[in-house]
């Protein structure tokens, strides 16, 4: 099998995986209509696979996923890619450890983002997954790399795989597209629970050394090895 | 094929489309029981296709959709049309660019409507879809054209395809019935997220020139061309 | 066909109908686990058909519905009837126009009930279905006819088919079991929307003559004739 | 059939039951991703059956459930058990009447837990199922038996089968795994309804003698005998 065949196989597999992962966004009601997407890096290549722009989740198929280079230019596919492609390409360029990116406007996380307020770490689930508060990134216009730059700057100063872009919505990253989807699911769950808790009073903070211990255990012990 | 055949084909296709679009209203939980409906204009004709009154979403079929003229009188169909028909007919008469109208009592949008308060534009999604705040129309009784007049007067002064009728619910318009359904989905999503954000403080406003740029890009660049 | 056959056929049909209507309670998330039920009067007989006590909605079948007399004593069926049977039997005894009763603990309606506060009429949907506010009934213990008496006393002074029993939940009535289910669905929808509206301010009242006109139209014009 | 065969049959049946009960956690939206689990005691043996750690609910099968002793050590199964195993094993060791344990981070219950505030008994459903308020347990780190000790200490001073572990989530117990799942469903329902009620005012308390009577009736009369 040639190197070209290898890449071809990787892209075919990622078209399927990226397509399928959108089912988790609808299942957990993180998105409405066409407003959210998943992408994945093609391992070892300066390429990404992403949702087409404005296509209904019901109509997604491996075939209509779009392959782009890391400047957001279409390399393969008959559809225009997500309007978030340039932002996500920037993340892949600047953060080589990232293998997947997800964007949603999930309700509770976006509500914190609209106030420009990070979600405080008052739940063990928040410490586990985000290692502290879920941070807020800057307001940025859509369509060039300002969103990408805002994401990278914010995540570099944080243990969190999720950033709340001000007045906009959520971007999450992960070693794989699946991990980024998980972070998007957990982000909304934590944002919602802390919101509800704050409605009737002040949640008890978790001491920093407990946050650190929880984060460390979850990253290193939880799940199957 | 004669002109009459043409109209017959258009009506058959719209019966199917209008019927099917109601699935999006239930999927996004914008309606309960029978309280909401979709209509479409028959292109080039003074006719509309609309849901029958008080019929369960489970029992909708292309056959029981009702064809009316633009004064709300039944032209074809064995059922009484939606009690909103006169209001929607008025919209089609007065706004020739409108090809579809949707009515819901979706929870969060209707909650703003009950206070007579527009939904402020504090989310990029609000700027994209509504080009500013989602406006409030007057209180109007059901059954004559006062609702229709209230919708038209309010939408004419706004870029928004959605209007919150005071103490009542949401009406949305679009170039097609599908576009009007999309506006109804986005209206509830924006109304809900801004509501949740406001529960714990004050969302950061988006500057007007950013609202304008977002609206322009979304109307002209987003999606497939 | 003898009179006995007639009753037998009516009971068989009602076993199916009452069983099936529970699907609407789960679909609209008005109930969890086994906490809610539907009953129907056997027309012209001092009998009712009701859900068995503590049986999961997944396991309901026409066969396990229970037939009781209007004092709540089992006439036909191998299961114990709902623990609300005595309350509902009282309603059928005292209100001959009632053909169906529904009980839920739906979240928002029960939240108003826990404060002992009626849901004000600030939505056209509230005027349509309830003809004014949704009233609160007294606190009553479960298992004898105090709940039934509280329901009847409250509904007799109101146009509403729904009553919020204090600290407990919702009871609705209708000419048929289906109409009572509809009232339960609308009750939660109105209770939720008014709750959400009140969270950020004061909803605008609807003038009494408008409430009267809306109620009259909805009872007499809406739906198929 | 030998004693060994008996145990083998009991374990096979519990693998199926524990696996299936997770469907109730997702159905009632008590869990997201992999964050919650069910376990059952093997009757008459110092063994329990529990969900594997970090495995998606879609991928659960009787085969991948894990059998552990009551110190949380794997006895049978190819997967690592839930990271809550040690906590739940402690509960089975200390509370011989407990046959099932459930853990969730359900939103409203966890919101009360984040404030360290018990859910007051202002609903008949709360009196029925919990016999009073739903109590709060201490903050405890994950991975040793501190959570287990916190659960046992809190439940011993209460009639409630549910405990809100501070900043963490919910643990429930029952005579069977199914009863513990029911308690988890009811806990979230009561926590949500009381939360919503409190948002707009103060729920009316239920007098203690009524709470006692409701609890007694529900434990002894409700359901099928």
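A, B, C and D are the chain letters, set down in written order, and residue numbers restart from 1 in every chain.
FYI, contacts are C-beta pairs under 8 Å (C-beta built on N, C-alpha and C of every residue); 3 or more make two chains touch, one makes a residue touch a chain.
The structure presented is a predicted model; accordingly, all values stated were derived computationally and were not measured.
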Original post:
Counting shared numbers against all numbers at the contact of subunit A and subunit B, is it over half, same, or under half, different?
Top reply: different
Original post:
From the C-alpha centre of subunit B to that of subunit D, how far is it in Å?
Top reply: 45
Subject >> Centroid spacing, where centroids are CA-atom means, of subunit B and subunit C in whole angstrom >> reply: 32
Original post:
Which residues does subunit C have that touch at least 2 chains other than itself?
Top reply: 199
**OP:** For this assembly, give the contact graph shape among line, ring, star, complete and other.
**Re:** ring
**OP:** Give every touching pair of chains, nothing left out.
**Re:** A-B, A-D, B-C, C-D
Subject >> subunit B-facing residues of subunit C, complex >> reply: 28, 122-125, 182, 185-186, 189, 192-194, 196-197, 199-204, 206, 210, 213-214, 217, 221-225
Subject >> Interface residues, subunit D side, partner subunit A - complex >> reply: 32-35, 52-55, 79-80, 83, 105, 107-108, 110-112, 114-117, 139, 141-143, 166-169, 195, 198-199
